[in-house]
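Structures for review follow.
Here come two complexes built around chain A, the first alongside chain B, the second alongside chain C.
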Partner chain A sequence: MASSAKVAQQFARQLVTLSLVDGSVSAERVGGVLAYLEKHAPANAIAVLKAYHRLIATEVAKGEAVVEHAGPVSEAELASIAAALSKHYRRTVTATARERPELIAGLRVHVGDDIYESSVAAQLAALEASV
Partner chain B sequence: MSTVLEQIEQQIAKLSSKAVKKNTGNIRTIADGVAKIDGLSDVMYNEMVQFPGGAIGIALNLEETEVGCVILGDISKLKEGDEVTTTGKLLSVPVGKALLGRTVDALGNPVDGKGPIDSKEAYPVERIAPGIIVRKSVSQPLFTGIMAIDSMIPIGRGQRELIIGDRGTGKTTITIDTIINQAKINKVGLASGDKAFRPVYSIYVAIGQKNSNIVRTIAALEAAGALEFTVIVSAPAADNPANQYLAPYSGAAIGEWFMENGMDALIVYDDLSKHAVAYRQISLILKRPSGREAYPGDVFYLHSRLLERAARLEGKGSLTALPIIETLAGDVSAYIPTNVISITDGQIFLETDLFNQGIRPAVSVGLSVSRVGSAAQIKATKQVGGKLKGELAQFRELAAFAQFGSDLDAKTKAQLERGGRIVELFKQPAFAPLPIELQVSVLFAMQKGFFDPIELKKVVEAASSLKAFFTTRKDALLAEIRTKAALDKDLEAKLQAACEEWKSSFAA
Partner chain C sequence: MTLPIILAVAEASTPEKFGLELHVVLIQVVSFLILAGVLYYYAIRPVLSTMDERVKKIDSGLRYADEVKAKLEAVQHESEATAKKAQAEASKVIEEARKTAKEYLDRQSQETAAKTSEMLVKAQQVIELERRKMLAEARTEIARLVVATTERVLARELSEDDRGRYNASAARELSNT
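The block that comes next holds the complex of A and B.
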């Protein structure tokens, strides 16, 4: 059982490699991979697809910055965040805004599994922990 | 008032608006104190990770798509999907003299209800053992206060001496005796005002033991006045295996502080069999490949990297380790015992048969050895007890032969008589370590034949009488042996005279 899960994981990883163009997920390639899997379904198709989904989600998250904010954020600010992150990670990062009033003020940016925290709520939490 | 404002300003400055980067992941599965985490792409091996609710974990398995963490603390509130963040820190424990007299858990948190520990420093739990250049050979004795050990299997400062035996053979008692003896020596040495005196601080690490046993140990140390020189690291059987796995390393870190700061320390790992079992449990849950007896492949390294941290350092202090291993039916050739035997600088083997015969401590002279040898003995002990091990080994061999027939020559009979007396002399009650000067006096009396005319059954009584005689009436002589640490002609004459005096008083 464990070995079949491992095989599915390895196969999914190979499919993810095929789905990338210049380090970013290509919708066209993903469509091609899915079409291939529909025609030539592997023995453990569900496990492969689940693993593929998880890995693609991780890859997609690496190229998408979710900017949580409590207060107005202009398009120019979003663009500058995206540019700064693209430069830092050396890959194209797009930024999308999401309002989170519980941050009180400031920003929290998620890129992949990194978080850049610059909100008042986080600073208050840090102060509470230090006292 | 202005200082208050400055403090607040400093606090504000610390919380500047600069963004803080965190690397995060999410719990995918959690079971038996181990979590598999998605994400955490920047995590380091052995790094502390923060779980929600204050629990912390250690990243032990770094795989391509997930991270395996052991969780230290309360896991009841954690669930799948919870966010986990890296801390960028390796697991550390508070160290220093503030820990003396305290009982802490594997993370250095006090568990004795005596309030917080005012410690200024912290040492990483995992540390690379000192290398070749900085090490110094073991040459200073560490007296256990147990006559059979100090005279035949001497332990030196910086040595690793294994204590091995079946359950209920007195392994823990030997280590407690040693800790008590260090406290006694410390008190005498510190009171003397001798600037060259180096006290020995003790660390007792309880791994997978019953809480009631740990309480009993603490009570014994407190009753003997040894707790003030001792740190107790407790990871009882009720603790999760991660804490039991970490406790010896935490203890070693606490001991290393003493060593690095020019002091001497003694650490007792009670016991490493249970430590190996806790590590096996973690490894199996982490799905690491298992080997012999289902232990993971790195079980040797688990103990070797721990015991290698005990050393005597050039220009600094020392850390002496007394690991304990519990055997099953006296089988020293099992997996974990052979591993630890090969790592240590000798072993004290305790036998159930001897224990049941009333020979306590039940040290098996044939199987016990100290690879440091007489380098870790004072000259006086060498003078009076140099041949003891050989004599006792011969006695055991002859005693086995003598069982088959009673027709023995005079020489064999004499050897048997002498051996029997040595065995009786080495009997010692628990928690009553003997100062080295008293051991020298008793062994001197034995070598000079003062116990020969005494009936075998009365040897223990005679030895007690001799000890009482020396302690109460020959204090100055004992102090002289202690300071000279060698028997010259003058001292030998004084000892002879004192023994004669005792002999007349004992016979009367």
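The block that comes next holds the complex of A and C.
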């Protein structure tokens, strides 16, 4: 049971690799992979599809930066952040703004599992923790 | 009445001449010897034998009394020695008991002093820990209050321009990271 799940995970990783173009998820490649799976269903198709879905979601999240902010943020600032993250991750990263008043002032950027923050709330929390 | 008779007998027995008659003396001597022998054999010798026995018994009794006296003195000496020995042993036991009691008392005193010191040290440690804990809690609470107050003040006092400038600075910082 554990070995079949491991095989499905490895197969899903290979499928995800085939679904990327320049480090980003390509909708066309994903459609092709799904069509292939539909025609040539593997033995543990459900497990493969679940793992593929989870990995694709992770890859999509890696290409999307959620910029939480308190106060106005210009499109130019979002674009500069997206460009810096694209350069850092070596793939295209798009920035999406989301209002978060509890930050008081500043930004918090989520890219996949990574978080970058420069906000008044974070500095106050660090101050409270240090005291 | 009797006097004439005595005088007549005396007159009739009066010797004719004054002198020593040898055969009468011999008879008297023989009679005396016989009487002495009979008396010695039947009276004096048993008496002497009885006296010897009495003397022996008295001597035996005296020796027995001496022996008893010696034994009594020996027993008395022995009892005195035993009493002295018992007294010495009793004194020794009492001395050992006193020594043991003193050692026990000293040991108890030392243990009590050690326990008291240990309790004092623990109490001081507990007090110090409580003080540090109280200070830490007070520091945390003060920090929380300061931060909460600062957040409220900043949230109320910061203008949109201030937030915009801060966001621009944060964007530059994140872009350069």
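Convention: the second predicted complex is superposed on the first by the 131 of 131 C-alpha atoms of A that agree within 3 Å, B and C clash if a C-alpha of one lies under 4 Å from a C-alpha of the other, contacts with A are read in each partner's own complex, and residues count from 1 in each chain.
The rule we apply is simple: a contact is a pair of C-beta atoms (placed from the backbone, for glycine too) under 8 Å apart; a residue touches a chain by one contact, two chains touch by 3 or more.
Note that the structure is a prediction, hence the values are computed from the model and not measured.
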First, second, both or neither for A:113, with chain B first and chain C second: first
Chain B versus chain C as contact partner of A:127, first or second or both or neither: both
Partner chain(s) touched by A:104 [first = chain B, second = chain C, both, neither]: second
In the superposition, chain B vs chain C on chain A residues touched: C
Which superposed partner A:80 touches (first chain B, second chain C, both, neither): second
Which of chain B and chain C A:69 touches, first, second, both or neither: second
First, second, both or neither for A:11, with chain B first and chain C second: neither
Touched partner set for A:89, first chain B, second chain C, both or neither: neither
Set of chain A residues, in rising order, touched by both chain B and chain C: 106-107, 109, 116, 118, 127
In the complex with chain A, residue positions of chain C that touch it: 139-140, 142-144, 146-147, 150-151, 154-155, 158, 160, 162-164, 166-177
Contact set on chain A toward chain B in their complex: 2, 9, 13, 54-55, 58, 106-107, 109, 112-118, 122-123, 126-127
List of chain A residues in touch with chain C within their complex: 69-74, 77-78, 80-81, 83-84, 88, 101, 104-107, 109, 116, 118-121, 124-125, 127-128, 131
Footprint of chain A on chain B - complex, ascending: 11, 15, 17-25, 38-42, 64-65, 85, 287
